[in-house]
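The two complexes that follow have subunit A in common; it is paired with subunit B in the first and with subunit C in the second.
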Partner chain A sequence: MKKAKVLILRTAGTNCDCETQAAFELSGAVAERIHINALIEKKDKIFEYDILAFPGGFSYGDDIASGKILANEIKNKLGDRIKKFALSGRPIIGICNGFQVLVKMGLLPDPELFEQVSTLSYNDSDKFECRWVYLKTEKKIKNESNCVWTKNLPDIISLPVAHGEGKFIPDDRKLLDSLNENNQIVFRYSSKDGGKPEYPLDPNGSVDQIAGICSTAGNVFGLMPHPERYIFALQHPAGESFCRGYGWGKVIFQNAVDFVK
Partner chain B sequence: MFEIEIRTKKGFKNSHGEHVLSDISGIGIKGITEVEYFPLYVIDGGITSAEVGTIALELLSDKITETYICRYKEQSVGKSLKTESSAGIDVSETAACADSAILPHSAFFVIEVWYKKGVTDTVSESVIKAVKDLGIEKEIKVKTGHKYYLYGKVSQAVLNDIATKLLANTLVQEYVAQ
Partner chain C sequence: MKCITDCKIIEILNLSDEQLIELSRKNVLSLSLEEMKTVQNYFKKLKRNPTDVEIETLAQTWSEHCKHKTLTGIIEYTEEKNSKKTRRIYNNLLKETIFKAAVELNKKWCLSVFKDNAGVIEFDSENGIAFKVETHNHPSALEPYGGSATGIGGVIRDILGVGLGAKPLANTDVFCFGDPDTEYSKVPEGMHHPKRIAKGVVSGVRDYGNRMGIPTVNGTVCFDDGYMANPLVYCGTMGIIPKDKIEKKVNSGDLILVVGGRAGRDGIHGATFSSVQLDQESDVSAVQIGNPIIEKKVLDTLIKARDLNLYRSVTDCGAGGLSSAVGELGKKTGAVVYLDRVPLKYDGLCPWEIWISEAQERMVFAVPPENKEKIVEIFERENVEAVFIGEFTADGKLTLIYEGDVVTNIDMEFLHNGVPKPTRPALCKIKEEKIQKPVEMSSSEISEALKASLSDLNVCSKEWIVRQYDHEVQGQTVIKPFQGNNVEVSGPGDAAIIFPYTVVRGTKKGIVLSNGINPQYGKINTYKMAASAIEEALRNAVAVGADIEKMSLLDNFCWGNPDEPEILGSLVRAANACYDMSKSFDVPFISGKDSLHNEYSIGGKKYSIPPALLISAMGVIENAANTFTMPLKNDGDKVFVLGTTRNELGGSVLAKIKNIKYGIVPDVHPQESKDIMKRIYRAASENLIEACHDCSEGGLVVAISEMAFAAGKGVKIDIDAVKTGKIKSQETELTAAEILFSESNGRFVVEVKPGNEARFGEILEDAVFAEIGCVNSDKGIVFESEKNKIKIQEAPEVLLNYWRSTINW
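== the complex of A and B ==
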């Protein structure tokens, strides 16, 4: 059977690309880390891939604002290809800095609009927050999202966060209502039992505790926590496993790989 | 040359300003009741005010939480603060371009912090790259700084204390507090 091909886009300051590659390969895909300059030189190369991943890190040193310079670069030099890729229904994931890039270039929450209508701003604490947190999944939130990335997860999972600018802010109340109505909010920070979290389990003060959102079509997904850091049970501080030594992060990558098979 | 001040929109939290306020209190200084922090960028190199507006809107500010004020200045990027008077901290200057002109709301002090001449400004290098990404191909010079508005009543000596103990690393940075 043909293996799913994943493009992991990296640039100066990207530092989670190898873990993301490992997560996809463990899920049965062939994953390649490609520098943005190489993609700009051969723009249509993007269509050789089934899945596109924007990994975590500190692209361009987080200068100006996290993800901002890379978002502008992609939008100005690859914008039409990225939009076409997204609208073709192929899965796209943005993790942490990658989520900031997706939001700031406007691919989330609406790839068709492709305009920035929300942001990921400075944590309320004004500090870099790095810890394991609990996330309420779409199952617990009781929405019926189309998100291809978040299927087969239990009510609450645990993943690590590591960011200084993760406070999700929609432009206005109307957008927040629309994200809720369209079942686009797929992860919210929560307490261990699914209640409203206090700091530090709420690491950044996101509006409505939003930790991850998805496009209405379900293929473009961004989240601040790092699923690639919980592929194996041993990566969890308590060694928690759901199945044969794996962690919940692997399910997220497996979902996308299975989707494109 | 243009100076661009990035300001937090009304209704959004100025997290770094709050952090600085807490630090001021933490070193035992009383009399400051609020702090606002805003990044500063100085761009030189024959760009037009329309281009500066594009840079401020598309690159340097966040459309959701921030706004900006641009000011035209005669001085050049390479000069040290210590060779200039007032160093551009008069916020009443006419804005050359502004998403929304916002002036501080009451009696306040201003502390500006900039790298000393000769110190590598890595953020400015990123800004130069990003301006080219916007399609503005002119050879520009950029300088980045930090601006703090402090509300309350303190002496000049205390202001200098805040600057040297909390806001500026005087080995590589210089400041103006007034």
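== the complex of A and C ==
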């Protein structure tokens, strides 16, 4: 059977591309790390891939605001292709800085609109912090959404966060309501038993504890926590595993790879 | 040689001794009279005066920072013990101690030792791992943020510049600061407040390390007023390199390519400035300006070019700038460089400034001419500037040309080997340490001392600092700086383990990183300080599952002014301890660095820092999954102490808190200690260890409390069951407080499941060990001595809070 092909887009300051590549490959895909200059040179190359990933890091040093410069660059130089890719239903993931890029170019929450309507701002603690947190999955939040990436997860999982600008803020109440109604909020920070978390388990003060959202079609997904850092049980602080030595992050990548098969 | 506008001829041929000294001082050359005279004689032979470029090149190359003149020079050492004097001459202290041990141990798995930018050992049949730790003390004193950022940036480039380039996998950092609660009125004039230094340094490491995408996984912070005006900032990087990329060479005719950042006026005289004492007049322009994103781009592209075999050699532009980098690469061949081709941040730099600028993020390559176009394309495709500035020759000379004029023409041989060997006297007066009066403390006093120890700056949680570092990026940090049974509670891990699965797919192996440092011991006895630091670094590694047979060490000496015989004498003793311990533990040193002249002046009076030796350890672990953490795991499990507890409170946390006079500094008993380390590894390979923690600052009581509160569990300990040993025959038995707070080396606390204790006991047979209690969450953390009528009982969350709340800025 043909293997799923993943494009991992990188640029100056991207730094989670290798582990994201490993995560996809361990899930049975072929993943390539491609520099944005190369993609701009051959724009239609993007359609040779089944999945698109925006990894974490500090693209262009996060100067101006996190992810902003890369978001503008992509929108200006590759905008129509990216939109077409998203609307074709192919899975797209943005992790941490990648999530910031998706939000700032407006591919999330609505790829059809493709305009920035929300932001990821400075943590309430006003500093970069790295720690493991609990995430309430959409099952626990509400009924299952269309999200391609978050199937087969239990009510609560844990993943590490590492960011200074992760506070999700939608432009207005109406948007927040529609995100809720459309089951687009797929991860929320929570306490161990699913209750409302206090800092530091709420690491950034996001509106409604939002940690990850998807498009209404469910193929475009962005989150602040790092699923690629929990592929193996031994990456968990207490070595927790769900089966055969794997971690919950693996399920997220596996879902997308299985989806495009 | 023609004089041109931008390049001055320096009159040196006819200068008197006084004038030579004045010239050295005025231009921050940091050269001694003898060295200046050597330069004078050289140019007398050439029958001309040098240019400013030549003088600056010599000063940078001959700086203490680049050449390590003191430790490789002649030392006349005198040791006084009970008014008996013994003398010894060292022709090269490093070669006769630390390096000698490595040569004698002759480990097959040591792939590159003391010759490149970092030490390299074998990881597996295909790969080596490289480790280097640097200091950036003076810059961090003047400009904490920029100083520490470029400190980490610099050591990362050491790893990029080892062999043909290693991929960085982890950073480490260790800092020594003054007391952050010092009153402002007590801070020396012109110096930053210690808290400002601490916060600036942490931010610098955070912003550079995080942007580079390298996890900062291990480190510590020591506080002492002696570091108030001269903080210590140690930055380390570990990387992985294919075995066939470890050797480098330069051929005549290879092109010189400079890649990355541009030269500017920042970091002029960094190398020579590091040998000058700090005072309020110190010049901030000696501090470099960092840009991690440029360095990240260099990292990405360098690895690509390496894997395409496009160059023959690479090194980093660090102290001394191009002068050091090109000088080093062209040592055996000679080199010609066109200074006007060097990319600049802005116009107006003089030729000598271009040549010695320590502007950051630059690497220098030796490129075979046939790869000229290919290699530049690799860099340019990712917007990295790469410019050819000259070539390696066959004439053995360093020739620099600026706008058609030859501004430097000196022999490589003189540049690298012309520096005269200084002779320095060193003196060590060995004083006998006395045991303190028996420390009798009531239960409540012990409780108070435990809380004070946990909140002591040198013991307390450094979480506020460590969480600002991304210690998980690359996804390979399997044993983390903070450890807890779930994500809410945490305790201090002993060492970090990196599982490099993204680079070596399918591997099971791990890489352990740990450290040992304790300046408090050095105030009394630098031999024991060094021995303790080595033992502590190894113990920390073993406490997470490392195999002592596959460990290697780095040394980093930070000392005061070596011109003072007693300060140099204390360093000689520490170096001897390194030799002795390396040999007895059978663990080689693979690289190291020294930073001397850590002194500052206040109102004309000079102060040297308390000597500090950081020992960093790196080792290979066969199975990264077969490792363990320090929090207690299950109620009902048994708790053991391995190793002998002796009456060793000299330099201890308790001694500081209770102001105890005298006390013996913890000694190291290598045979006993190594034996226990080996047995722990055996027990680990049979999966008998649930949790393990080393005993260090604060002693047994702190170690066990940390294990309990890190899990939110209780524990019941019988103090009387702890095995003690005597140092002197006439010694009285240890009191409960002495048992609890002694900082004797070589001890571990281990948790074992019921049912496994028999097998565990078999493995430990003949070693000193005792079962001293069990995990029991019913009554909190309990330490009891029936003999001494002592009972301490505390709730884990209360102790956790004491440990956590000191540093919360």
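Operating definition for what follows: the second predicted complex is superposed on the first by the 261 of 261 C-alpha atoms of A that agree within 3 Å, B and C clash if a C-alpha of one lies under 4 Å from a C-alpha of the other, contacts with A are read in each partner's own complex, and residues count from 1 in each chain.
Following the convention adopted for this analysis, contacts are C-beta pairs under 8 Å (C-beta built on N, C-alpha and C of every residue); 3 or more make two chains touch, one makes a residue touch a chain.
Small disclaimer: the values here were computed from a predicted structure and weren't measured.
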| item | value |
| --- | --- |
| Subunit B versus subunit C as contact partner of A:60, first or second or both or neither | both |
| First (subunit B), second (subunit C), both or neither touched by A:88 | neither |
| Winner by number of subunit A residues touched, once subunit B and subunit C are compared | C |
| Doubly contacted residues of subunit A, that is, touched by subunit B and again by subunit C | 60-61, 127 |
| Residues of subunit A touching subunit B in the complex | 60-61, 63-65, 68-69, 72-73, 76-77, 104, 116-119, 121-127, 169-171, 205 |
| Contact set on subunit B toward subunit A in their complex | 12-13, 15-16, 18-19, 58-60, 62-65, 122-123, 126-127, 129-130, 133-135 |
| Sites on subunit C touched by subunit A in the complex | 206, 210-213, 291-293, 296-297, 300, 381-383, 467-478, 480, 482-488, 499, 501-503, 505, 624-625, 629 |
| Residue ranges of subunit A touching subunit C (in the complex, touch as defined) | 10, 12-16, 18-19, 21-23, 25, 35, 37-38, 56-58, 60-61, 127-134, 158, 160, 162, 192, 201, 226, 228-229, 231-232, 234-235, 237-238, 245 |
